[in-house]
Each structure stands twice: as structure tokens, then as C-alpha cells.
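One structure is given below, encoded as C-alpha cells.
Chain lettering (A, B, C, D and E) follows the sequence in which the chains are written, and residue indices restart at 1 in each chain.
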């Protein structure tokens, strides 16, 4: 006979408000195997857990049911509690009488009756629980960071400082990401390069960090602690060991191409480094625009290269590396505002996006920081800044707020006034300044730098002579507004990195409808994913500014450090298990397993008549198996079970709930 | 006492379960839900945290993946007296184990038709993809199913008579 | 290529020159027109301002007749075209509404006939290359601002055959005729249309903006495809100049007039005399006519 | 006018005698005379003297392949006579890794269709002397009379749409292959008729059938797809299906067995034939076959394949009904 | 005292019986004639040689609840007594004989089966002599015949369009006197005896081929013969023979609980199933088909005769007809006699 203890939680009034705790306790006391029932205002609190441990010892309980919130919330907490009292942590079941009951069923009678049923389910299931031990697997003490922006760099530095090797894979020729494109950063107006480049240099010089730029992740196999990642090192056509980054090659290269880094405002050569402070400061040859690759002639770069590092026949290289943990820090893209035909982006040269303005105002930018408007290079006197371009607009498929535009638009207004005494008109719906020092920054823009904030949306922008007429409305004054501007800056939305969903499926992590990666729990586990061993940092998880990104990078790094610092990794014991006595060896479970964790093996057995025979049976590799259980349904005999969710468990639960 | 009040008269030895005797007074349909831990169970939790009200007729059983839900559990639920069964998991492509729901989809394309073929009314078994962010969809699905079952009355075709 | 021709009321009254040049241009380009027998007015603004069913029934009656002729409809006037396109769009997937319309017009309207504006037929179906081949007297030196007005290419869901923000079809036709077009901001801004009677002040303000933009863009003249727009831009131009003390002197052509001119039709046949701003002076200085 | 089974009887006996005496097989699974000439029964011979008990006649319908399961742990080979449909059963056992092909000596029996012993016995023709194949009919001559039996009427249904007349991969073949053409296309009209019934009526139909079931498990024990080492119905914990012979336990039994065999059934029809209570079990399996064909674009689910139907999926082509 | 009853009067008698108590009679359904409760005589099918399963279904049912228990805190048990009166019509002589054989096991000796006894007491058996024995019947081999009436409360013999009837027990007389009042007419003694004699001597072809004489002694030292090995090879191990046999009476007891309450019930089991003799720990005294097949025939032809001095088989032929592989008792009797003859 089992001795089950049932602990019913009030959760303050969250449960007790719509579930009669006493009735649940009374019903639980009468359930089979229940030896002890107790209720607690806050079971998950320190005293609550202590009460459980006390009851386990005093009442000699061998099974525990906690009727409280969702197991996805505190199952691990209570496992530790039960473990702390000397009972195997897996002899525990949670009855979800909050999210699945008290919070969603206001009628107390029905709610209580359902709570009793949910407790009965847990009591019937826990009777079938068996003690389980965590298996331990070894951990490759190496981390992979996908994306070399500020998030990736910060995480790499933190991990490297903890003495663990880390590889940063960056798609573009240099690390730095979008932050490298920025001029100043809010709210302190620090120059972006001044705070970023030292970190880039640290990352380059740190022996624990290996930078793999101009490379992409191709394939990811394995599981936490034992990832095998295939990385495609795209052909640079430059031998980085020899190249000193002297720059002669890109000065001599005749092919001029619009620079992606400068968003088309500036030009670059076919052999190039994206920006002067690029790390590694070694160029790559862009095969699409290199004259040699197009016509077979030229080779100017090879001729002038003092160290002979140019090699045209370099091919892409597929490298396979082992990692214990992965941080995804692939960042964001700025949304192309052309769908707003009425703003004339792409038609009028002087209608530019916020990022393009950053290149204009950036000292190391194509215009050396002079805010020369693209059409005629004149310094703009009046500038219109339009907020929420794309963001908060379901029609454009971007329902969310991009979080950073209000702040960087205020920054643009300040820079415009500070540098060229230009007067900014900012059309906004709401100005959102939630960060530390943000509201004050916005006040400075309006008071000290005389930016005019007009609450209303711009309906149309059209060219009138050399001016851009912005038709809008000031909804506070309730009158039409027409501003003749020299330059229009669109605060365009922050969207997912292109190819985000493809990388997600390669990694086996999930993403939301906006292709931002889904965190394990919005509040409690923002930098983890549902796939153990894979973490998130920065804008790839959703729009955010630099301070938040760096904070997330540090958080993700600390998760990785704690994972890699353990000698061994304890795996979840809830994996598949074969009952060899009744397994027929048909192996129809094998093709189902997505982790290739099942294979055949031969067992010896004495059968009636004293003969010893050999017969095939299925065998599960517990470290590969993730416990999904899809194989159990293919097993007709029921020989294949998944611990924690066995056939016996689920049949008992169905019976309990149908009583 | 379970939600289904012992009021349902114990039918005779092998009465013909298809004769539509009217539902007992105050009868409430009972729904057994199988929800995958990563998506639908999380969706149901979200319905909770967002305080979305829905009928208390469903009892959810958590399973690691929709691929774990054996059609025999569904028929077992009907046998033990469930009036409706909901099988739910991640949208194809979002499965935490990458392929679990593809197998579930195949199994339930067949199982749903087969259970209907054996005489269970089609509305009684609902299979839905409900993601972790679709709390509203979970609540709506439960409400819809409850209303359909109220119209249909108690499930008698596979129910055992003790 | 054969169409049921729907001239509309203006082309039989204030814009006969648009009707005449439409016929000559279509004849030159081999587009057969068969005027819809006993057609009725499309209702334009007044119909849809008073009664929804009426605003659908009027064009539907013409469309039903075109269906009996087994032809799609071509309508030179932007307002007529827009009303017909709107009717087709609203009754497309709505048998009930179509039934009610059929009841009102006392004929069977199935919604099978399509309606196209003349500009779409000439620019898209015929195409600039074919037009260029027919040009005998290229309009060299003439710089025009192509004005589409607000009904021809909007709303995109109903019309949808050219870019709603920055249409190009008329520009392409004009360049095919040898003329030069300017890129200007008020291609699709409204001229005030029927307010010209009830609220002339608004029409004056709107047409001033359009004329300003065209002048600023360096155009010699405006060209349009709608009798209402032409009447406002041309007819009201004097009043605008007096009210706002500006000087434009911009003639406003129908695009079919310039096409006829380029195809070598004698200028006196093109109804230039009916314009308030006499275009012949400009054509003379440009040695075109 | 192809040869009938009896024409190969002598050849079969010689082959089996040879194989037994030269020790290449240690037993042979074939047919022997039953209680009358219309019901041949399986016979497993291990000694040459028993071989003359082996017969082959136009009523030999029994699917013998499942007996091989009794010999998988014996050393040496087992011989077996295999028609086209039985070959699919053998394929099933091999694909399920239950029988090792190298431990079986297959004697192939090309088959133009097997006469339905139940139907012919009712004609009162007495003891059958000779059966001759007249092309569209079999002439059966008995000591109490003879009759030409049109094939479309007197063969087992599955023989009419059989597209596997010749057993593939046999070690020795009796006579030569027959023309492999189906007499009529595979017919699911009875299934569609049941599907069209209102669900209450269909429930009543199956209730009537299942309430006759006496849980003798003959259907399971004859089915080549039901080849588990330990059947789920014999396992006490967890108890999937109760022992009580009640309607709901029968329903659970028949649902479970049918679904375990879904996508794996080789359409041999033996479950329905051996059922003592005449329950139309093939109406369950053929419904699943029909759905597999329509849903998963697998034209021949009854031909065993490398990966079973429910062991694979198609990401986009599989129908999506659960959005 | 012999009586006669017309077909119509028999119908109205049966209608009355169906109304007053549970009438069980042969019903044709989906090609299978089975004993089933009927509400009116019209449901009864009469042109059958024998029902697929026998009266055993209603005396020793395949599934029978023995007691109900409730355990919420305290344990309360309530025995389920089968008090319901029932009348069984259309029972063939071989099945009547099988009831007698079952009575020996279940009602005599130290441990009588109270449930079986209660059912036997509440059941009236109306026998119906065999008009046309099937080609699988061999009741004559055991000394029975198509007219055998021992065990019936009322025996009917079809005679043209009317029936000869004979009440053979108090229960039978109650039926004739009670619901049958006014429906029976006294029969001409000589004519009646002639009809009975005709049935007794009716030809049972297959019966001639099976000679059971002395089979029980032959089997005394036949236990280890190679024959069992050979004959059991073709057995499928299904339970058809035991579940259609009117004399098999092996069963298993088990509990089914739902939450705190449940039932203890008994249901048929079969010596042909491996699980029947599988013991805790996995040992099985009858591990393979050989032991199990041998057990079935030794029990019927050797063990039972030694104890009760008659064979546990009445030659009804159900196992002969329904065994999928033709491994039936008639065949085994012939084989054993044959093997013994050569040995």
C-alpha cells in the first residue's frame, strides 16, 4: 500500500478564491493510497516547502501530490523539495488546479468538483510512479555563439572570462553587427564605435574566443552537452594567416559596388572590409562583383598584395565542431518601408530610414559624419521624422511595437540640431521612453534641441521642387499640418533576421508568428529556449535596445557557464525504456525516433525445455532519447514505454478522470 | 462524486446503446483532453494566466508530445464514460521533438475516421493544433466542443456498463 | 479586340472632343467599339451619395446589356469606369445583392462582363509599342504632366491595374507619342470633382495645388483622362489665377487628343477651341500644330 | 485453361519427400484432407512417411505462414507451400523481423483463385473427384453430381481483385506462373455503403456484430500481422482490455486489434473466414486500407513495404484537417 | 403421459412464456443461429440443426458478476444472486445431455457452484428432438440419439405440423398445467411412442464413423505418445473449440474496480490459452501447444470418465464444424484408435 501525501495550495486567493480547499482536502483524504492531506497558503514558499518535507518525514510518506499551479511552473521546485526530504524526486505529481481550474472557472461548485478530479488524476498517477535517477552524460566544454553583434560579442567575452572556449560564427565578414553602423547611442550619446570597438578587439585578442566570420551554421545534430554542428566557412579568397589588413588591395580594386554596411549610401570595392574598424580586419572577395570572377581578367588585388594572401581558387569549407551549448544571437533587420507607397521611400532620394541616417551622421560613415542629404548633398534645415513606420500596423503584418524607435528618433532630433542646427518635426502616435534616463533624454530633445513633436500620422509625402511636403494632422490641435522638409527619416520597424525560421528549424527551436525565437518562459526563462542547451540573446528574441541586449547576453552567458562548468550533465530520466521480456524485436519503433536513439540488440534467454536462444530486441540510448514517446504508440505490445508518462500512468489517469 | 453524477441509470446487460434515451437531469458533458506539454498544455496555462473563462467540462492529461497519444487512450476514455475527447499538440513544424506531431497527424487522420466508422458521432473526437501562444484558441475549442456535446447528449456507444 | 463602348453623359455633352478623339484613336489602333444601345447614366457621385442600391443598379443595367452583347465594357471617363468597376467588385461573390440589382433593372445581371478604362485598354492591352508605330507627327518638345486623378487607379482593390501611388501607364503612352513627361507629386491628388458646383472654393484650392505642382515640375501642359478633372483644371484655371494671383496658363489636354494629334489627325478636328486655356498657342510655339 | 492445384499435388509431394530426406528442411507446412473434400486443413509433416497425407486442391485457402513463428528458434529450415496472398503474409512476417527468410524454404504455388468451400459444400455435390479450370469457371465433379461454378460467384472475394497471383521469390515454383490480372477492380463499395449510413445506424450494425464475439482470439491467432511475441491482450498489467465478455470490451478489442494491424494488413481475409461467429472483420481492415489509400497516396498498403504506413509521414502532402 | 400441441398453440405458449419470464430461444442473426432472449415467438427461428453456442450461455454464462464491493473507508460486499426465472426453448438432445454432464461437475461433490445451481433451479428446459442432424453430429457415438430427452423438463418431437410433447419433471408439468393450460391435448399413446421411436432411430451418418468405445482405457497410457506432438502442430491455440463446446467449464476469477467500488466476476477461460496455466514468476506447466491440446482431449475422454463414468462430450459436433484447422475430438478419437491398432 502506498502512503500518498496530498498538499493543496491556496496560492493566496488565486486558487482559494474559486476552489473550496476544504472540500478538495476532504475528497482527497478518501482517495485510494492517500495517507495524509494538508493545505498551505503558499506551498511554493519557503515555509510551504518545509511543511511538505516535515510531513514526508513524520508521516513516512512515499508519494507526494501537490495541488497548486502548473507543473511547467514549479514541478522542478517541488522535486527539489521532495528530494530534500530524502524521497526520490520523481515520486511526485502536480495537480494543476490554478491555470487549468481556479483561474478559468469562476463558478466555485464546478471549479471545486474539477479540482477534486484533477487531484484524483494526480493521486492515481503517482501511485504508479517509480523512483528514477538522473543519468549523467559528459559535456563538451565548448560553447557556440551564432551571430557576432553586440549580443554575441558580450556573451563570448563573459564565457571566455569564465575560462571556457567559445566560437562565434558571424555571417558577414566582420563582427560588430548593427551596432557598428550606429553613430551615437541613447540615452548617454556615447559614440557607438567608442564603446563597441574595444569589446570587438577584446574578443579578437581573447585566446578562448575563436571568431569565424563570413561563416554560417549549416546543420546541428545531437543534444544538450553533445551538439555536433556543421559550419560552412564561405570562401574569403584571402589567406587570413598571411594578410596584415594593410588595405592596398581594396584601394587598388577597380570594382565599385554599393556597400551593404552603408545601406547603399556609400560604396565599397569587390574586395573589402565592411567598415574601417572591422574585426578581423581582413577583407573578403565578393565573387558576384569581382571582375576576375565575372570575366577572368583583373587580379589587381593579387598583384599588389605585399604578402600574397589572395587565392581565387579557395572553396567553401564545411567544418564539423562539437559544442556543449549554443547561444543564438542573430539580431534583427530593419524593415524595408517601401510597402508604404505614400511615403515615397525608394522614389524620393531624401526619404531615408533611421539606420541610413545613422550612416549619414556617423563620422566613419560614407559622408564622414556630414549630414548631406542623398539627393543634392545639401545640409537639411527642416527634417521630418515619422515614427511607427511598419510597427504597430497589422495591415503591414507587424503588430508589435519595435521598442527602440522613439528613443533613437529623439536622438536623431538632438544630433540634427546639435550638428547642423536643423529643426526636426517628429510625427508620433505615442512616445515611449521606458528606460532609465530615457524620459529625460526625450525632454532634452524637445526643450534643449527644440524638436517639434506633432501627435498624428503623416498621410502623404511628395516632392515639391527641392522640398518634401509632408501632409499630416496634429490630432491634439485637430488641424491639418503641412511641413515642407529637406529630409524625411522613417523610424522603420525592427523585424526578424531574414532566414530566421530556417535557422530555427535547423536548431529545432520554435519561433512565433513574427519569426522571433520563442523563449522558454516570457518572464521566468527569457534567455532559454525549450530545447535544452540552446539559449537566446538580443533582438533575435524580440525587439530590444542595446542595454537590454547586453543584459540578455550576460544572462545567456551565465547559463552557458553554469552548464559547461559542471563536470557531468545530469539528464532528465524521463526517457524511453524497453521491457525486453515482451519486446518482439520487430523494431517498428526505430523509424519513429527523431533522435535516432533506438536500435536493435540481441539478448540471450533460456526458454522452456532448457534451450538458450538469442533474439533481437529494441534498445534505447538514454542519452540521445528526449522522451517524446512517439515510439511507444508504434509498439503494439506496450514493451516500449516512456518513464514518467508510461502506458500504465496514462491509463490510470484516464480511469481516474472518468470516474 | 465525479462531474458525471451517478445519475446515469446503469443500463441493462447489453441494451442497445444507440437508442437515444434523453440525458439525465443536470447532465454535463465530460471531456478528456490530451495536451502536449510544450504547446497545448502551455496554451492552456496561458488561457489561465490571461484569465480566459471557458466551460469546466474538460480534464487535461499532460503528455510529452502529441506523438505520445495512443489512439487506444482515446477509445479507453470513451469506454470509461468520456462524452468527448480532445487530442491537441503543436502546429506541424513547431514540434519540440520536430516530428512528433507529424506522426500524430497520420495516426489521427486514420483513427478519427475509424472511430467514426465504428459508430461514434464525429464531433466527439476533436484533434486540434494549439500552440503555446493560443490560449484563446484553447478556450474556444473547449467551449465549442462542450456546446456540441450538450447538443449530442451523453456518449453511450463505447461506454462500458459495470 | 472588341469592346462595348460606354461614352457616358459628359462625352455626349461637355466633352464631345474626348468622345471624338477616343473614336479616332481606337479606329487607328484597331480597337473595335460598339456603343451599348440605350445606355443610361452611371449615376457618378450623385447616385452613390444618395442610395447604395441605385448606385449599383445604374451601372449594372449597362453591364447587363454588355453581357447580352458578349463584350467587356470600355469607359473613357474615369468616374463611369470607377462606378462600373465598383459594381462588379461588390456583386462578384454576392448572389443575393446581384439578385436585388437584377430585380431593380428588370434584367438578368450575371456579373460576367468586365469593365476597363480606356487608358487601361490603350496602355495595357494595346501597349506603347503599337501606339508608337502609329505616330506620324511626334510631339517633340512638348513637356506634359500626366494627371490620373483620384478615380482611375484607386481604390487599388477595385481598379488595381496600375500603381495607386505612382501610376505610369499614361506617362508611357505620352513618351510613346514623342512627348516628354515630368515626374510630379500631384498625379493622383483629387481636383474636387463635383464640388465644383456646390463648393467652388474647395475646387479652387485643390486645383491650385495641382497646377502649382505641375508648373513647379516644369510642365508645359497637363494631360488627363477624365472629363470632370479636365473641366475643373481647365475651366477653373482662370478663377484660380485671379483668386490666388498666380499665373499658370497651362492647357489641359485629353490624352486621346494628343494621341490623335500624333497620329496626324488635323488639329481643327480635335476640339481645341472648346478649351478655356487655348492649347493651340502652345502647340504653335512648339511647332506641333 | 491453366493447371489446377491438384495438378501440382504429386510434384509437391515429391519435392517435400526430397527436401525431408536430404535434410535441407526439417518439416513442411502444407494442407491435408479435412472432414470433407471442401475443408482442407493445415498439416505440418516432419517425417517422409507423413508426406502422402499432403494434398493440394482448389479449396486450399488457409494462410499457413503464421505457423513459421513456432520454428523461429529451431535450428534448420522449415518448408512451406505459399500462394500469392500467402507470400504477402510471409513478407509481413519478414518485414516485422519475426521470421528470417533464410530459415524458410518457399514452395510457390501459382494461383488462379481458390474456391469458397462453404459455398460449394452447400451444392451437395458429395465427395469431389476432379476440378478442372474452364477459364471463367471451375468444373467440379463430385460423386453426387457435377457443376460449372462461375469464378466471379464461387471464388473468395479477395481472389477476384487479387493482383498477386504468383508468389514472388519462391525457392521452387510448382508449374508455371499464371496470368497476373485481377478479374475485377478492388471493390470498397460495401465500405462506402457503411460509411454513408447515419452514425446511429452504423453503431447499431457494429454493436450487433461485436455482441456476438466470444473472444476466442481465432482472428488474432491466424493473422500474419498479429505476430507479437506477447500479445497486449494477454498482458495483465496494464490491463488494456478486460477479460469480461461485455460489449465495450469487445469494441475495445476489435478497435485495438484492427488499429494495430492498420497499414500492415495484407488483405488475406483469414480473420473473417475463421471467425466462428461470422463477424465481418474484413469490413474493419478494408476500411483502414481504403483510408490509407485515399489519405496517404499509398496505392497498395497491403503489400508489405520497408517502412510501415504509420511509421512515416509526408510534411506537406499529408492532408491537414486539424488546424 | 404423452400430449400433442399444434404449432399455433406452441406459438401462443411461447408468447405467454416470453411475457411472464425470460424466454431464451434460437434466433437467426447475420447468418448465425444463436440462443438469445426473445420478446415474442415470432423472433424464433426453427430451421436450424443446432445453435452456434449452447444453453451453457445461460446456465454457465461466459461472463458472470459474482459479487459487488464498495471500499470507501469500510469494505462492504454484496453477493449477486441470479434469481431471474428463465425458460429455454429449442434445446437439442446433445445439449440436454451436456447439461447433465455439467450438473455432475457443478452440483455434486463437496463444492457445489451456488450460482450454477441457482440458475439450474430457475431454468425450465424445453427440449426439441432433432429433425435433421448435421453432417458434423455424432451424438450416437456416445449412446445418445436425436430423440434423447433426459434432462428436459418438457420434450417436444415435431410430428407433421404439430408437436408430440411429454412433461418429464414437475417444472415441466407446471409449464404444461400453467401457461400451457388448454393448449395441449392428450396424444394417442401408440402413435406417440412410434414418433419417439422414429426419432430415437434416426440416422446420424457421422455418428457411425466415430466409435468411442474403450477410448478412455486406450488413453490411460497414451500420455507420452508422439501423436500429441504431431497433431498439436497445426493447432492455432485459439479458444474456439472450448468456447463453443457445451461441456467445457473452465473459468477464471478476477476483479474490476472503478475508484472505490467494483465487481468480482467469473468468465470462461480456455485450456488452449497459455495464460490459463501461466504462474506467477512466468513458469507454465503447459508451456507449448502439445501439452494444451493433449489436456483438452485427455480431460474429456479420460480424466472426466474416470471420475464421473461418462465422456465429457455429447457429440454435438460444434468443435468439428468450427475448429479452423480441423483438430476436433472425433478426429482424435479415430486417430488414437488407429495409432493404438498399429502399435
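Here, a residue touches a chain if its C-beta (ideal position, glycine included) is under 8 Å from a C-beta of that chain, and two chains touch if they have at least 3 such contacts.
Source: prediction; values computed, not measured.
Enquirer: Please find the path from subunit D to subunit E through touching chains that uses the fewest steps, and give that number.
Expert: Minimal hop count between subunit D and subunit E: 1.
Enquirer: For subunit A and subunit B, which third chains touch each of them?
Expert: Chains in contact with subunit A as well as subunit B: D, E.
Enquirer: Out of every possible chain pairing, name the one holding the most C-beta contact pairs.
Expert: Top-ranked chain pair by contact count is A-B.
Enquirer: Based on CA centres, what chain would you say lies at the far end from subunit C?
Expert: E
Enquirer: With centres defined from CA atoms, tell me which chain sits nearest the overall protein centre.
Expert: Taking the mean of all protein C-alpha atoms as reference, the closest chain is B.
Enquirer: Distance-wise, how many Å sit between the C-alpha centres of subunit A and subunit C, to the nearest whole number?
Expert: Each chain reduced to its C-alpha mean, subunit A and subunit C end up 54 Å apart.
Enquirer: Taking the mean of the CA coordinates per chain, how far is subunit C from subunit D in Å?
Expert: 78
Enquirer: How many angstrom lie between the centres of subunit B and subunit C, each centre taken as the mean Cα position?
Expert: Going by mean C-alpha positions, subunit B sits 62 Å from subunit C.
Enquirer: For subunit A and subunit E, what's the span in angstrom between their mean Cα positions?
Expert: Roughly 73 Å, centre to centre.
Enquirer: Could you pull out the residues of subunit A that touch at least 2 other chains?
Expert: Where subunit A meets two or more other chains at a single residue, that happens at 592, 647, 651, 655, 659.
Enquirer: Specify, in ascending order, the residues of subunit C that touch 2 or more different other chains.
Expert: none
Enquirer: Two or more other chains touching the same residue: where does that happen in subunit B?
Expert: 71, 76, 80, 93, 99, 103, 107
Enquirer: Every touching chain pair, please?
Expert: In this structure, the chains touch in these pairs: A-B, A-C, A-D, A-E, B-D, B-E, D-E.
Enquirer: Please output the residues of subunit D touching subunit E within their complex, sorted ascending.
Expert: My answer: residues 34-36, 39, 41-44, 46, 50, 62, 66-67, 70, 208-209, 212, 214-218, 220-222, 234, 242-246, 273-274, 276-278.
Enquirer: Provide the residue numbers of subunit A that touch subunit E in the complex, in ascending order.
Expert: 30, 32, 120, 608-609, 655-656, 659
Enquirer: Given the complex with subunit D, which residues does subunit A contribute to the contact?
Expert: Contact set of subunit A toward subunit D: 581-588, 591-592, 600, 607, 611, 613, 615-616, 634, 636-639, 647-648, 651.
Enquirer: Sort out for me which residues of subunit E touch subunit D in the complex.
Expert: 29-32, 34, 52-53, 62-63, 135-136, 230, 233-234, 236-240, 243-244, 252, 254, 256, 265, 267-268, 270, 273-275, 289, 320, 322, 324-328, 330-331
Enquirer: Can you name the residues of subunit D that touch subunit A in the complex?
Expert: 73, 96-98, 227-232, 235, 237-240, 260, 307-308, 310-312
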